[in-house]
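Consider the two complexes below, in which chain A is the common component and chain B and chain C are the respective partners.
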Partner chain A sequence: MTAVFHVGDSWERVVVHDLTRTQIVMYAGASGDFHPLHHDEPTAVALGYPSIFAHGMLTMGLSGQLLTDVVGDEGLTRYAARMVGQVWPGDTLTTTLTVDAVRAGEVDLAVRTVNQDGAVVLLGSATARQ
Partner chain B sequence: MNFRVPVEAGHILQFRRAVGQLDAALADDAVAPPTYLMAADHFAPDYERRPQAGRPWPGPVVAPAGGGGGFHAEQVFEYHRHVRAGDVLTATVRPGRTWEKAGRRGGRLEFHETVTEYRDAAGELVVTATWVSVATERIPE
Partner chain C sequence: MSDLYEQLQALVGSTSGEATVGPDPVNAPMIRHMVEALGDANPVYVDEAAAKAAGFDGIVAPATMLQTWSMGGLHRKAPSPNGGWGAALVLLDGAGFTSTVAVNCEQEYVRYLQTGDRVTVTGLLESVSEEKATGLGVGHFVTTKDEYRDQDGELVGTHRFRVLKFKPGTGRNATPAKEDRPLRPRPPTTLDTQWWFDACKEGRLLIQRCTACGTLRHPPGPACASCHSFDWDTVEASGKGTVYSFVVTHHPQAPAFDYPLPIVLVELEEGTRLVSNLVDVDPDDVEIGMPVIAELVAFDDELTIPQFRPQGSKA
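For the complex of A and B:
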């Protein structure tokens, strides 16, 4: 990675537009997480949810695509995230990365993903080589 | 618990598409996306979020809305190097820390870490993954 990062540098991107149930099912199949609340609508509704909802790890994966675009496929040394809000079919998610700290050879980034209403669904942090 | 995780180019492609890169192309030496090792669960024996022969489905992982169950609250990946197609990793799973916290609505929250170390065929540590689950006490109505 040859990029030079500065504290405050920021990137923002819509990482998924109008999330489909199909995309959620693709994630279930690829990840192997077949928890019914993420694809079985009658079960989700019977348990009191308005519909199925996305795996938190799908949101972390979608947000991670922007990270690797910024730091490179092999740039990350750490990626951590808290799932702070549920993500529903139809949601549009926007991820923002901000450089928090720059050290010799390393950079820390804050990761924040919000839905179309501005509600935060994921808060994370990452460290990359530079 | 130990289990083997073969990393295949086609599976990396499938995972890339699943996390939104719909124009991903098949590459024999593909680098896995940063959250790819979530898919190692395919190879975990007795993984509770997969239907298995002789076990009722859905099992006890399904909890009603509003508490009383556990959910995945946080995930951490530490990369010593990045996973590539062709790697054959060995996953070693162990319990991590446990702590408690008061919930916003008065219930008690219990956090549990599960730490998985992925090592390559040479025994070198590749990725450490930490899954943090939180169990919520059911809030009285």
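For the complex of A and C:
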């Protein structure tokens, strides 16, 4: 890849608009994570949640698309994320990437994803080759 | 330290046993389902020509799909209880820490997986925290580290996953909403003390005074401890004082109160002391000698009692 990164460079993108239960169910099947809280609404409600909610790994995957698009194919070497808030059906998520540090051949990025109310749902960091 | 914590620590560094071979080789249909679920339009995941143009030998899998190649599917077997995560799970579930929530995940990628790769995973129990009180409940943070290798035994990536195993219903968020709460317990009163609580309802914080020798006293009582006189009247306190001593209560929890609950012994500037709660303060910031001021709070139609807050904080 040919991009040159500078500390403070930033990118922002809506990574999912109006997340549907169908998409969450598709992720359950594609990832093999069949925890009922992520697809079985009566179970989720019985456990005190307003509805099913997205897998943390789905939020991480959604946010990661911006990363791979920015750093290029096979540039990503590390990606860590903390699931700060739950993601619900109907949510629209916006991810922001910011270059934190640039070293010889490597770049560190901060990852931050918020919902439509501005509440942070994921905070992460990543390292990529450059 | 509890026996449970020691048993868990003994498992740190162990694995659940044999490496697990992913049920399917890395393949285009599973990749296509994943990129549909993620809504990822990058063509290197679905289009052979685009992948080759990007320098790959063929279609590659999204990096964040790493952990899916070893998932056991809908009818997966429970992890082996002989070591590692499986053994920790048995201990934690057995001790009542039955709920699980993902906290964070860290993945390292050595190379992108491509169709035909056969992935093998070894899971290590990396760490278990001491018991922590969290918003969700009392629990232990458990971190596992899975190493993914290809058909040649080469490391392709690592997946570190931290979950909180907690006891359902023990979290701060599990405190009943205020409107659902039982009322605060009533202070037991007698003919000798009722007048003090009645004055609180009228908005006055009173101190009993011996009319024979002038000594102030609290809590209210029939006779002066200095001169034994039964004659008394009252003076109205300014409400200002300092924290003489305190405790911050975490357990046991009564549903009418918020926790952690600072309980303070306040020395009023008139000299008497009374037990109360301290509000508008971070429990970690409570200090002996801290200047405080009283406010008479009506908790319900029957109960008005003083609460203290730091002097200078907003009313």
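FYI, the second predicted complex is superposed on the first by the 130 of 130 C-alpha atoms of A that agree within 3 Å, B and C clash if a C-alpha of one lies under 4 Å from a C-alpha of the other, contacts with A are read in each partner's own complex, and residues count from 1 in each chain.
The rule is short, and it goes like this: a contact is a pair of C-beta atoms (placed from the backbone, for glycine too) under 8 Å apart; a residue touches a chain by one contact, two chains touch by 3 or more.
Because the structure is a prediction, the values reported are computed rather than measured.
**Student:** For the three-chain model obtained by superposing on chain A, do chain B and chain C clash or fit?
**Tutor:** clash
**Student:** So, does A:Asp108 touch the first partner chain B, the second partner chain C, both, or neither?
**Tutor:** neither
**Student:** Should A:Glu41 be classified as contacting the first partner (chain B), the second (chain C), both, or neither?
**Tutor:** After superposing on A, A:Glu41 lies clear of both chain B and chain C.
**Student:** Which of the two partners, first being chain B and second being chain C, lies in contact with A:Tyr49: first, second, both, or neither?
**Tutor:** First partner only, chain B.
**Student:** So, A:Asp9: does it touch chain B (first), chain C (second), both, or neither?
**Tutor:** Touch partners of A:Asp9: none, neither chain B nor chain C.
**Student:** Answer with first, second, both or neither: which of chain B and chain C does A:Gly32 touch in the superposed model?
**Tutor:** both
**Student:** Could you tell me if A:Arg78 is touching chain B, chain C, both of them or neither one (first, second, both, neither)?
**Tutor:** A:Arg78 contacts both chain B and chain C.
**Student:** So the two structures are superposed on chain A. Out of 74-82, 200-208 or 272-280, which stretch of chain C collides with chain B?
**Tutor:** Once both complexes are placed on chain A, chain C clashes with chain B in 74-82.
**Student:** Can you list the residues of chain A that touch chain B in one structure and chain C in the other?
**Tutor:** 15-16, 23, 26-27, 29-34, 56-58, 60-62, 64-65, 68, 73-74, 76-83.
**Student:** For a test of understanding, state which residues of chain B touch chain A in their complex under the given definition.
**Tutor:** 11, 14-15, 17-21, 31, 33-35, 38-39, 41-42, 47, 49-51, 58, 61-66, 71-79, 81-82
**Student:** Provide the residue numbers of chain A that touch chain B in the complex, in ascending order.
**Tutor:** Counting only chain A, the residues touching chain B are 15-16, 23, 26-27, 29-37, 40, 43, 47-49, 56-58, 60-62, 64-65, 67-68, 73-74, 76-83.
**Student:** In the complex formed with chain A, which residues of chain C make contact?
**Tutor:** Residue list for chain C touching chain A: 30, 33-34, 36-40, 42, 44, 54-56, 60, 62-65, 67-68, 71-74, 102-112, 160.
**Student:** Please give the residue numbers of chain A that touch chain C in the complex, ascending.
**Tutor:** Residues of chain A touching chain C: 15-16, 23, 26-27, 29-34, 55-58, 60-62, 64-65, 68-69, 73-74, 76-83.
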